[in-house]
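Right after this note come the structures.
You will see two complexes here that share chain A, one where it goes with chain B and one where it goes with chain C.
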Partner chain A sequence: MMRGQTHRALVTTLYIVFLMLPIYWLVSMSFKTTNEILGAFSLWPQDFTLENYRKIFTDPTWYTGYLNSISYVAMNTVISVAVALPAAYAFSRYRFLGDKHLFFWLLTNRMAPPAVFALPFYQLYSAIELFDTHIGVALAHCLFNIPLAVWILEGFMSGVPKELDETAYLDGYSFWRFFIRIFIPTIAAGIGVAMFFCFMYSWVELLLAKTLTAVDAKPIAATMTRTASTSGYELGLLAAAGTLTIVPGAFVIYFVRNYIARGFALGRV
Partner chain B sequence: MNKLQNQKAWWLVVPVVILVAFNALIPLMTVVNYSVQETFGNNLFFWHGLGWFQEVLTSERFHASLLRQLAFTFTILLIEVPLGIAVALCMPRTGPWVSVCLVLMALPLLIPWNVVGAMWNIFALPDIGLLGNAVNSLGIDYNFTQQPVSAWVTTVVMDVWHWTSLVVLLTYAGLCSIPDAYYQAARIDGASSWAVFRFIQLPKLKRVLTIAILLRFMDSFMIYTEPFVLTGGGPGNTTTFLSIDLVKIALGQFDLGPAAAMSLIYFLVVLLVCWVFYTLMMRNEEN
Partner chain C sequence: MGIELRGVTRQVGGETHIYETDLSLEEGGFNVLLGTTLSGKTTLLRLMAGLEPPSSGEIWFGGVNVTGVPVQKRSVSMVYQQFINYPNFSVFDNIASPLRVAGLSRDTIRAQVEKFAGMMKLDGYLNRYPAELSGGQQQRVAIARALAKDSKLVLLDEPLANLDYKLREELRDELPRLFADSGATVVYSTTEPLEALMLGGHTATLYEGRVCQYGLTAACYRAPDNLVSAKVFSDPPINVTEVQKRDGRFHLDERVSWPVPDSLASLDDAPYTMGIRPHHLTLRAMDDSAVAVDGRVKIAELSGSESVIHLDVGGNDWVSESHGIHPFDSGDTATLYLHPGKVLYFDRDQRRIAH
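Showing the complex of A and B:
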């Protein structure tokens, strides 16, 4: 038994080390000077510097990228979950004309490769004058986040016994009053998980976000791409910007860590 | 659960339908529109029928990227699914280490995709990257920017690094939902750990594994940003997967017709595979 335990701990540890190595390299590079990076190979920063971070926090073209990303991700998360809530309730509680087909159709949008839609999206959002706005990117990301939110929330809602609804209606609650006062608090965990996933997919997506923005709403990840190509190879700066994009994700994971596993199973295990 | 028949439930679905339809149907119709027309610029379009579809379906370039895509998707599925199950089986079920493992493992999933590409680029650079330097000092000639094999291996390892955790977390959630009584019964019967896995855990994991494979299939079939940043599709065309090729044709060469036809074929392939999976999944659930 003891030997089995050690083996298992070893496998888990090795896997986590494998996950952490590239991240370590990125972080360590962000503390190096360009000279050191291009000069000699070193396992950790010999000439420790915070210059790369200082540049990002003082240069508006850099830090506005973060603010842009965070604003459209937040808008998208709120919109997606808000409209997905009633829809998920309908799918989990009622049968109606075309419900199964509608559900599959919603899921197909999660399957559409963004590369397919890049050009039409550019034209559509230019036509309705939402090009290069935060709300434009937030709406575009609804394409894959709403289906996902509906899928996750429906799973969680199906786990709530129907007697809860029936009792509330007998007590004279109207639908919306029941929904907001009783039902939403009951599935708070599910809402947390759905928000986590919307945050995650909106935060990591770049192809659409980049296509739909030019200056005012440019995401941080796109700023990085531009720097890599125009100002030569400022690897240290790039590494620092990359490190900072990991931070919000790490925060969010920490807060929802107990629900992650359930959410990945879409509440339906 | 018994569901009530209620057509008024449509009202609850309307906002979702409007938002998604706006984002999905208008662009899709634009693509369909382009796919049957020929243009010589100046916004002049001519009817071209199914010509582009024929051209794309018979072009060697499309066959080559489709083959590369399929090879890539199957390789990563073959590695990620068994590896993910193995790691999930080894993870602790209780205790303070559970949260630590979960947080660390979920981290790669929340890194923007181009940062993943950039990170692996500087990690694997043969001269100044940790991985590249280590491999080369072992005496293996490795340079992912010039050798096709190195580029392939690096792309696959990057995807394994990026997404195996998704399989781990799903499988782990599935394992946690197996009641203790099952294991106790197995212990009384003196079942080996292989028998426990084969006859207790695997059947219970069927559902989550289906979701995991479905998600990994869809996402790896759409992969664009990570290999684009890592290798730019090169060296040559060796890591030009479907999405990269598509963006090259659509936004690089601005060949709207062929790009649109290719988009539709691409979308239909994903849709077909997912529909088969979805139907199988639903049938399982009903049984």
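Showing the complex of A and C:
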């Protein structure tokens, strides 16, 4: 009995250690100077510094990257969920010709690599002046986020009996009044999960975001991948930037942690 | 004028859920739709509510054709088998919901909600959310909301099926009274013949998308129009077999026969279908007219005060229901007493022969 528990604890501990090691290394690097990183091997910062973070928060070439990323990610999340809500409702409540095929086709959109779309988007955006705008990137990311949001929301909506809709209509609610006053609050957990995944995929997507921007809407990931600057390799700075990109994701996941499990249980995430 | 279905049918994707139906329920009455699962009870209720459009035919309510009228504009409320309440509304807001939509004043709403919550014994729960209530309480909220709406047509779709028996008995006693006071036409669907009998009023028996019979509940039970209606309205199932009329007697087989009652004497000598309810086929004779029938016991189910015995009688599967505990082993021979006065006779078209 005791042996079994010790084993289990050991396995868990090892798993967590391996999982956290790269993250620890990144965070540890962000508090080191570039010289220390390139110099001797050290497990923790010998010469602790906040200089890297200070630079990011004061230098516009760095912090605008975050602002750009956050603004197109926020736009994308709002657009994706707003568009997906009625679509998911239709899939969950109505039978129409080809509904199942259409629903599956939506999912296949997620399987297409974004690289395929980089060139057509670049061409199109240059022509209609969406190139290097936040909304441009947000719309491009809808390509894979709307299907995902529809997929997730449909699962949550189908968990709500259609008798709820009917009861509302019998009580005299119009469709939109019911949808906004009753239905959306009922599936709030699902909306939270859908928003989280839209946020996450848009936040980590690099290829489209990089291709479709130049200066004004340049995402943080693009700034970060610029490894060398006039002052040589700034590894400490890059590590600090990397650490900061993890923070919003961790923050969002904290709020939806209880609902994510339900999303997984529905087999939709 | 209550609700009236005129030649209503309902097909979904090539499948017929309701065959052509004419049914007229009187205003302010209590009506039961009795039938097994998939007999079309729910579809019929949904057609009456306007939640589904009929494929053909018309639905009239209070002398007005309401066939195409959206549900929001009809005076209908419905209580489902599943406990349907708005999960994000408190009990108070749930009951108040139809009143709010109707645009009543705050004071009126509060008074109404308190009145109906009191009737449904929900006084202490007004600030709770449906998820924090027991199943019985949740269904009470749904019923209170239906009462609060004060509609002219109230549809109850097996409202008590998901409740435990204690609550079910309680609510079953209350329901007809609650809605009778409101003057609404009530339609109540159930799968249980016993429930229909206890509720009273009128009953329509349903079988595979057809209404077999509509009339006073007790009359439907005692004098079913046809064999299907008799089968639907019998639990345990009615025993059906063929009898031969010959020499002024009905012959079950070579040994068992009984005299034809005077009222049926004019019938041709021919085979007829007979039905006898399990509680008229007992282990003890109830009067002198009883005829003994031997059967081989298959299963004996003993409940607290009843014995339900499944037997093989001359190749037919029969069920007998008697008072008291009568243990049998399977394979035993049991003598049953059939009471000819209680037998129902049906002609070749399965219509009951009145006598």
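Here, the second predicted complex is superposed on the first by the 251 of 269 C-alpha atoms of A that agree within 3 Å, B and C clash if a C-alpha of one lies under 4 Å from a C-alpha of the other, contacts with A are read in each partner's own complex, and residues count from 1 in each chain.
Methods note: contacts are C-beta pairs under 8 Å (C-beta built on N, C-alpha and C of every residue); 3 or more make two chains touch, one makes a residue touch a chain.
Just so we're clear, the structure is a prediction, and the values are computed from it rather than from any experiment.
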Subject >> Contacts of A:207 with chain B and chain C, given as first, second, both or neither >> reply: first
Subject >> Touching partner for A:11 - first (chain B), second (chain C), both, neither >> reply: first
**OP:** Could you figure out whether chain B or chain C reaches more residues of chain A?
**Re:** B
Original post:
Is A:61 in contact with chain B, with chain C, with both, or with neither (first, second, both, neither)?
Top reply: neither
Original post:
With the two structures laid over each other on chain A, which partner does A:171 touch: chain B (first), chain C (second), both, or neither?
Top reply: second
Original post:
Which partner does A:186 reach: the first (chain B), the second (chain C), both, or neither?
Top reply: second
Subject >> First, second, both or neither for A:112, with chain B first and chain C second >> reply: first
Original post:
Looking at the overlay, what does A:126 touch: chain B (first), chain C (second), both, or neither?
Top reply: neither
Subject >> Touching partner for A:94 - first (chain B), second (chain C), both, neither >> reply: first
Subject >> Footprint overlap on chain A, where chain B in one structure and chain C in the other make contact >> reply: none
Original post:
Quick one: in the complex, what on chain B touches chain A?
Top reply: 1-10, 12-13, 15-17, 19-20, 22-24, 26-28, 30-31, 86-87, 89-92, 99, 101-115, 118-120, 122-123, 127-131, 133, 161, 164-166, 168-170, 172-174, 176-177, 193, 207-208, 211, 218, 221-222, 224-225, 229, 242-243, 246-247, 250-251, 256, 259, 263-264, 266-267, 270-271, 274-275, 278
Subject >> In the complex, chain C residues that touch chain A >> reply: 49, 51, 70-72, 76-78, 80, 82, 84, 86-89, 97-98, 101-102, 142, 145, 149
Original post:
If you look only at chain A, which of its residues touch chain C in the complex?
Top reply: 161, 163-164, 166-174, 177, 182, 185-186, 188
Original post:
Quick one: in the complex, what on chain A touches chain B?
Top reply: 4, 7-9, 11-12, 15-16, 18-26, 29, 37-38, 41, 43, 79, 83-84, 86-87, 89-97, 99, 102, 104, 106-121, 123-124, 139-140, 142-143, 146-147, 150, 158, 162, 200, 203-207, 220-221, 224-225, 228, 235, 238-239, 242, 245-246, 248-250, 252-254, 257-258, 260-262, 264-266, 268-269
